[in-house]
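You will see two complexes here that share chain A, one where it goes with chain B and one where it goes with chain C.
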Partner chain A sequence: MTIASFDQVEFGDELPSFTPDTGLENVRRFAKAAQMMAKRFTDHEGARKEGLPGAMVPGVMSQAILTAMIHRWAPEAALVKIDTIFRAPVMVDEAHEVNGVVTDLDEETKTAEIDLTITNGAGETRVLGTATVRLP
Partner chain B sequence: MEIEELRKQFLKLNFDTAEFRVDGDDIVGFSVACGETASRYTDASDPDFQAPPTFPARFHGRRMLPSDLPLEGKIPLDAGKAVMPQKAIRAGTKLVGKSYLNEIYEKTGRSGRMIFLVSRMELFDEAEDLACIVDSRMVVRERPAE
Partner chain C sequence: MILDLHSHSIVSDDGRAKVPNYCQWIRKKDLPLDGFVLTEHRKFDFDSDYSALATEFDLTILKASEVETEYGHVLVFGVTRALTEAFDFSDIGLPLAKVLEESERHGAVAVPCHPGRTRVGMCAHVESLGIPAGVSIVEVFNGGSRGTEDDAARALAETQGYRGIGGSDAHIVSHIGRCATAFPGAIGTEAELVEALQAGEFEAKSWKSKSSESSS
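Our next item is the complex of A and B:
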């Protein structure tokens, strides 16, 4: 179910989780659009030469994936602020899950606060954040 | 590095100004790759076509920090990013990004002191309206002996 208005949101609501495409081809597509064609994002071998375990998803892409989850849940939500902490690398070609939960509601401003996470297959949180969104 | 001294010398002082052009193909590529499904972000023919709200986080000025910031050889690590959109950004818009250090603070833990530097870029459109604010949080670690 998608959210159309503030009245439909309740404290503790969980946003529908989704599995972002963190495959190498898609990350390259992002890197090209974001002009971030560094080898640590676009090439496993190049990333290993820089001392990384493999190519990693750019932090800017992780943040935008979290925002996309919000839009899938509430297509008309307007982002007021998103603050993300890159706790550990999101590795390219590994499965990740994106989750969110509503932690605060302000009826006066019709805004909701959402806690956000990206976790890997081992259940480790790689990115966490908070977003404030305004709803119709 | 003395925090108070750094604050006095560097807070709120512009250290970089850069121009950016918002390209429609880049908006679509960025949006689709991140899983956006709303046509206002993924379809250039949508009458409300615009950049997704965190798109401006991809812009970098010529410098991330003031050139004369005394980092003593330490490399700042990316600790996080905040985006505060102010108005819709359309394809073809020219943005001017002005950067300054907005916050300097420290935290001390078992592994030593960490100094956080928050570099803020304010992006203005051709009408000189503030279009977006992007905060990049960087951390410099010191070991206890330092």
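Our next item is the complex of A and C:
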């Protein structure tokens, strides 16, 4: 179900979760589009040489994935703010789940606050944050 | 009584949760919590008064601090104005011995948190600095732990004979109550919490996995 207006949203509502494509080829496409072709994003061996366990998803790609989730849930929503805390790398070629849940509503401004998380297969929170969205 | 002993609000620099929303969330999701403790980073929040909110939602809302030492982060329960003058809560390199000693002197309890975590947990520093004297309680379940961090915390507690507490370490609303601590009696004030911790009768709980875990 997609959300068309503020009146349809309730505290505690969960946004439809999904598993983003964080495979190496897709991450390379994003890195190329964003002109950030660093080996830590595009090459596992290159990332290991930099001391990482493997290639990681760029932070701005994680933010884009989270934002895309919000817009799939509420296509008419205006993203007022997105604020993320990167607790641990989102590793390329590992499965992750993206979740959002409504944790505050302001009827006066018709805005909703959403908790955002990206968790890996072990259930570890790799990225967390909040977004504020304005709805019609 | 079950209290989440480790949480952060927007008063902390990396906290994103407003306290009223924690209360709403606990009631909306019917969490098995009777309250929570706000352990703001590197400060004690003397200004906020949550008593009306606590009454409205029938929850115990207490305040404490999370300070930083050479052994990693440490929760301090029972903070008084005199204790905040005994050492600089904003110092990121506090000596653990001083935090433990001053806490005891001022009737507070200091508890190393997420000890299994890299850099900011006690286990990471034991090899180079040795086992610190004066620790009696550590956090064995932390809602933000990754991999085997909680296992390392529990192993440390077991080998050293520490009691274990649990806390969510929530920074966003929906993470409150992932871990907590069960006490046999009612707790309504910071002083009662200190008394209960000193009595040593509590059990750490975790609801991070589908089946809940306990560790005393």
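Everything below uses one rule, namely that the second predicted complex is superposed on the first by the 136 of 136 C-alpha atoms of A that agree within 3 Å, B and C clash if a C-alpha of one lies under 4 Å from a C-alpha of the other, contacts with A are read in each partner's own complex, and residues count from 1 in each chain.
One rule holds in what follows: a contact is a pair of C-beta atoms (placed from the backbone, for glycine too) under 8 Å apart; a residue touches a chain by one contact, two chains touch by 3 or more.
Note that the structure is a prediction, hence the values are computed from the model and not measured.
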{"item": "Contacts of A:115 with chain B and chain C, given as first, second, both or neither", "value": "second"}
{"item": "First, second, both or neither for A:3, with chain B first and chain C second", "value": "neither"}
{"item": "Partner chain in contact with A:83 - chain B first, chain C second, else both or neither", "value": "both"}
{"item": "Most chain A residues touched (candidates chain B, chain C)", "value": "B"}
{"item": "Touching partner for A:124 - first (chain B), second (chain C), both, neither", "value": "second"}
{"item": "Partner chain(s) touched by A:12 [first = chain B, second = chain C, both, neither]", "value": "second"}
{"item": "Touching partner for A:92 - first (chain B), second (chain C), both, neither", "value": "neither"}
{"item": "Touched partner set for A:67, first chain B, second chain C, both or neither", "value": "first"}
{"item": "Touched partner set for A:101, first chain B, second chain C, both or neither", "value": "second"}
{"item": "Chain B/chain C common contact set on chain A", "value": "83, 85, 129"}
{"item": "Contact set on chain A toward chain C in their complex", "value": "11-12, 83, 85, 87-88, 101, 103-104, 113, 115-117, 122-125, 128-130"}
{"item": "Of chain C, residues touching chain A in the complex", "value": "14, 16-18, 21, 24-25, 28-29, 144, 146-147, 171-175, 208-209"}
{"item": "Chain B-touching residues of chain A, taken from the complex the two chains share", "value": "18, 20-21, 26-27, 29-30, 32-36, 59-61, 63-65, 67-69, 71-72, 75, 78-86, 129"}
{"item": "For the chain B and chain A complex, residues of the former touching the latter", "value": "25-38, 41, 52-55, 57-58, 78-85, 135"}
